[in-house]
Amino acid sequence: MSKPQKSTVKVKRFSKAFVWAHAVNAISFFALYITALPMYTEFFDWLYPVLGGPEGARLLHRIFAVAFVMPTFIWVIFDFKGFKLWMKELVTWKKRDIAFFGNFVKELFGLRFDHVRQTFFNAGEKINSLIQIFTAILIIGSGIPMWFSEYFPRALVQWGYLLHNVGFGLAIAVVVGHVYLSVVHKNSRPGYSGVVTGEVPAWWAKEHYEEWYEEEVKKGNFPDIDANGNPKKPTSPNKNKKKGA
Amino acid sequence: MVEINLNRRQFLKLSGATAATLAVVELGFDTKKAHAATKEFKIAKSTVTPTICCFCGVGCGILVHTKDNTVVYTEGDPDNPINEGKLCSKGTTIRQLYTSEKRVKKPLYRAPGSNKWVEKDWEWMYETIAKRVKETRDKTFVATENGLTVNKTEAIASLGGAALDNEECYLLAKMMRGLGVTYLEHQARI
Amino acid sequence: MGANPAENHPISFRWLTKAKEKGGKIVSVDPRFTRTSSMADIYAPLRSGTDIPFMGGMIKHALDNNLYHKEYVAKYTNASFIVKDSFTFEDGLFSGYDESKRAYDKTKWAWETAEDGKPVKDETLQHPRSVFQLMKKHYSRYDVDTVSKVTGTPKEDLLKVYEAFCETGQVGKSGTIMYAMGTTQHTVGTQNVRAFAIIQMLLGNIGMPGGGINAMRGESNVQGSTDFALLYDTIPGYLTAPKAIPEHATLAAYNAKETPPTGYQSNKPKFVASLLKAWYGPNATAANEFGYQYLPKGNKNYSHINLFKAMYEGTLEGAFLFGTNPVVGGPNAGKEKESLSNLKWLVAVDLWETETSAFWQESAGSNPAKINTEVFFLPACSSYEKEGSISNSGRWMQYRWQAIKPLGESKPDIEIIHELATRIKGLYKNEAGPQAAPINALYWNYGEGHHPDIDLVCKEINGYDVNTGKQVAGFAALKDDGSTCSGNWIYSGFYPEEGKNRSKNRDNKDTGMSNYLNWAFSWPANRRIIYNRASADPSGKPWSKDKAVIWWDDLQAKWVGNDVPDFVPTKAPTDPTGTDPFIMNKDGVGLLYAPTLNDGPFPEHYEPFESPIPNAFSSQELNPAAVVIEGDFNKRGFKADYPIVATTYRVSEHWQSGTMTRNQEWLSELVPHMYIEMSEELAKEKGIKNKDEVIVTSARGEVKAYAMVTKRFKPHKINGKNVHQIGMPWHFGYKGIATGETANRLTPHIGDANTTIPEYKAFLCDVRRA
Amino acid sequence: MATEYVKFVDVTKCDGCRACMVACKNWNDLPAEPQDFLGSAQSHVKTTADTWNVLQYIEHENSKGGLDYLFRHSACFHCTDAACEKVCPENAISYTEFGTVVIDHEKCVGCGYCVNNCPFEVISLKEYVDKNGDKYRKANKCTMCTDRLEEGLQPACVTTCHTGAMEFGDKAAMIKKAEERVKQIKDRYPNAMVYNPQGVGGTHTVYVLAEKPSVYGLPENPKVPTSAVVWKDYAQPIGKMMIGATTMAVVGAFITNKIFSKKTNGHDEDGGESHE
């Protein structure tokens, strides 16, 4: 079965701040993950020599821990609107969000599925975001007393170890899924370019985030397109310019 | 020369293994090669010499473990009936009499008016001290006093000696009295 | 009492804890609640310097309540002796006092003797001039109420201690008194010990296992160094050092003066002759009084305080220091340090740079440019880098083998002494004349080479027949005709035959009553309990089966038992002197009344040199026989400026002036700081908080240190008023790893009337926040 | 395990001589680390990486209004159920045949989890410097001289203790002795007790205390921290499972995707290609 060629028209999905924030977040997360692995399970003890011994691993872990805390600030400072939107979306849950999941599972395993109309973030992303926020708080919140254990009550440090560990497990699980969807899974792949360049194919945006897309079209920010991404009517180049500047 | 019988040492159990350990300590060779291969048991190859504590007057027995020209451990002498292998904090620490950084290892001389020590060799020290003793002694020697033979010098003093061995004390008393020293005192007085 | 064995002689305390497990009671009497007190069954506080009232009260308690051991007292002590009428006691003064000399005429205190020289006795002890009755009268003044007012000890605590200790007067029970410098370092130090001796004799505790009075000696060989006479007033074996007096003009005169007609001391001339033979060898002949005239003869008190006074006044030119550190350990240490700069030369033999050998340095507060003393520092090696023997508090002479070669260029003291002696002798070799004669005559023959042959030294100490070269078996074999030598008669017998040095004995089998006769050697003659004849009753049977030491065996016609008898082994109890256990005393009995001491035959309370209260017992404030050095060398403080009583003490982890321990990392870690212990009450009065820095001042100096505010010090209730006391360790100085200011800058240059031991343990001071 | 051994510390026999402290340093070659003045005879606030046992000195006004001067040799308890062993992520802490708990420095990475989870706060990290001048850390604590035990000798501190306050021997016998001792001393110390806390499964250092544990700064009922139990017994295994499961899911999804893509699409990854 062959499909018609998709249009190359792109729309702006993410701000530069978000792109940076996401990148820092992702890199530091993986760095943290790798530097934590040998300690999490002796299965990965071979990583110690690679990381410069336990001391090196700890140092790197701490450097990236600081990096890991930064993205929120980057986004807040440079793209407060985007951040606000994200926050707003996260607390907004409608029926279609629930419906999303049924189709999501089908899509995940490459089965036939229908796109449920979604806003800027789809329900999956919202779940991902929520869990990630939750685990980040868990990890950062427990990591601080672990790092500066002499300034915290012992009980807090002790619970910190547990929470850090739990947060780690959760985060990994979520991130693995998140990464899979973005990098590996064919249907979300275009989204990947979104977090790298900030732009995504218009058709894909419309397909995945129909409600958001149409909203933007109404605002005149995005071209109205058909299923293949070809404009239904001409657009001015500056229409797909970044809105938040 | 010294027979050390460590049979009062507190062992966990009197098994064959223990007897082997005893042999290790006594004879100075290690039968537990497997252990030695990784981390050698601290006193496995040490030479054990009994001594008596140099601190208070109780007279506790101590074993000095030496190995590779240094003192590796000191512990109570289990055979000594005074302390039965037990020691206080000072006795336990006598290892550091040898290992302390602060030990003076060379003769030192301070010239009149000088603000520092100068290292000298023993020969020079002995010769110079002997000369000083003779000078002072000859100058201040009193052979007779009120018709009595007194053969003394009241210009030289000797202090201390409570930590010396008996044999040393004996020679010191003999030398000082031989010189005619009357100001002869040690820590029993203070 | 006067000791804190849990902290200062921990391994001795091991045996107290064992006794406690067997039902024994530990009593701790100390101004401060110490670790010993914490382990004790009874603790009684007392103000420093009030031991005699405390013990006087106990003596009275024992006498009033008939708790003394009657037969022992009647037979084995001089309780029955009748004292001459010339002995009197009034308002703190015994008869015969000469105020200008601060000395007594002791002949006034003599007892009545029969024509044969034997004392007149009344064994019923009822004669009003008997020692017993005089003693009873003397201590009748020490009633519990007065004692409590003076010592500050609560009355109920006094009674608890008295009752507990006097129980040991019962046959089958024994009690011991362990004392240390808390007892001796007072102007009445000797009499403090005398008070212990009196109560122990009254309770029949001398010569008994588990009895006696035990001097807890502070240095490993202070026993041996005393035996070997590193003291101005003796020569080895406790023989009197000859003095520049007509009575000592010749050996014969000396012997006549110093030898009692009876008792074991009547053998003295043999020991003197043998010592002279050891020292002067072939140069000691009958013709030259065995070299007696070579010995120096002094004419004054040359003790520590006077030694430093002479140095202060510039009459001393040179000094040798063998492992001693008076700038930290001497009394009024600031002055002792100052005195050192008057020396032309100083030889210090030590393992470490001490505060004394470095007295000229800027860090000592000196100006090196102005100090012209030449200082020779000779590095000695430690005790296990050489070999030789030492004698402990129990007179056990134990050998120390060499474990390792001396560190660096350090050398054994014996080698240093030997080299110096050899070289000094060398300088005089070709000289004649009075200076050269004694040195040329000195017999110094310990082998070739730099290191003396220690075996030769040992053999000479034990003694041998100078004609055959054969070792003597013991001091009984010594002769006064110059045919034997012995460097120290009391040790004679430790090396009885070639190759047999008994101090090396290591057979630790208990030979009975924990005497371990085959472990090491105990002088005299390997006896472990001296005066052990007193452990048996006059008929020769042990007072109690459980406490049997020696007993008379009729069949063998000799004394047998678990120890070497301290008695003529074949002298039967039926012999006229067969019931006289105290063989070293002229009359063979213990001296409840001791007319030989300088400050009275009975211990009497006098206040310390510096005291916050007047003497409650008489108008004599200070021991009348204590010699006071006036002037700048020894400033005196008074209550108005210095209202607080102070004392010094040691801690478990440091030793003496700290030279040995403050240079060791682990011990310095345990007690790294100088501190002043004080009560919460005093701290509150002075606005001092725990860990504050405080300054303690006395008339002689000041010391800055941390405050250790503790519940373990309480103010003494003296006559209804609070008298504060503080305490401090005296180990610190500015050298070494653990440093701190020196407590002895505060202490006075005043000594006991008999021994001139300084009064470190009671002086006045004031405290304030730094 | 043949015999289970414990170190029995009877603090009421201790006279505070601190030979145990130096004996430990002497045997284990630990350096000195002088501290500031603490206002009492005590040298260290608590055990450290270079001071594996500390003698506590406590002035305590007892229930009768009298003064007790209490001493306690404090060191690792060698818990039967040791929190440090539980939390160590590297399995560097293990139980020996003697029941002692030891740290293997080869494995230790200096993370400090044991330090912060020990209910008795006896473990400390020590910083070392290697040949290249790089710093690294290891956890340190009393080993109960396991190296000596292996050679049939008793721990150095026990060997030197002169008052008999410390003994090393068969667990049952020692506990019996402790219980009898408590009965003996009840008159003098009414609050005396055996301290062998069951919250950590009992310890291999068993105390007779003269007073309540709190007087010595000891927890009345120490436990392996709940957080550590949840962490190590639940969170960690679940976490590992979750990672496994997620990985499996991803792998599964990837494979199924491939399979279905092949079936449904001529060329897969239709969306991404053009946007490289």
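Think of it as A, B, C and D in the order they're written, each chain with its own count starting at 1.
Here, a residue touches a chain if its C-beta (ideal position, glycine included) is under 8 Å from a C-beta of that chain, and two chains touch if they have at least 3 such contacts.
Fair warning: this is a prediction, and the values are worked out from it, not measured in the lab.
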{"item": "Chain nearest the overall C-alpha centroid of the shown protein atoms", "value": "B"}
{"item": "Computed distance of Cα centres, chain D from chain B, in Å", "value": "40"}
{"item": "Cα-centroid distance, chain A relative to chain C, in whole angstrom", "value": "87"}
{"item": "Whole-Å separation of chain centres (CA-atom averages), chain C against chain D", "value": "49"}
{"item": "Multi-chain contact residues (two or more partners), chain D", "value": "17-19, 21-22, 26, 162"}
{"item": "Multi-partner residues of chain C (at least 2 other chains)", "value": "10-11, 14, 652-653, 665-667, 670, 737"}
{"item": "Residues within chain B bordering two or more other chains", "value": "83, 86-89, 91, 93"}
{"item": "Each pair of chains that touches, named by its two labels", "value": "A-D, B-C, B-D, C-D"}
{"item": "List of chain D residues in touch with chain A within their complex", "value": "87, 89-91, 109-113, 115-117, 121, 134-137, 225, 227-228, 230-231, 235-236, 238-240, 242-243, 245-247, 249-250, 252-254, 256-261, 264-266, 268-272, 274-275"}
{"item": "List of chain D residues in touch with chain B within their complex", "value": "3, 5, 17-19, 21-23, 26-27, 147, 149-154, 156, 158-162, 168"}
{"item": "Chain B residues within the chain D interface of the complex", "value": "9-13, 15, 17-18, 21, 24, 32, 35, 39, 41-42, 73-76, 83, 85-89, 91-93, 95"}
{"item": "Sites on chain B touched by chain C in the complex", "value": "1-5, 8, 47, 49-62, 64, 66, 69-71, 79-83, 86-91, 93-94, 96-98, 100-115, 117, 122, 125-134, 136-141, 143-146, 148-190"}
{"item": "Residues of chain C that touch chain D when the two form their complex", "value": "6-7, 10-11, 13-14, 17-18, 33, 35-39, 651-653, 665-673, 675, 690-691, 706, 708-712, 737-738"}
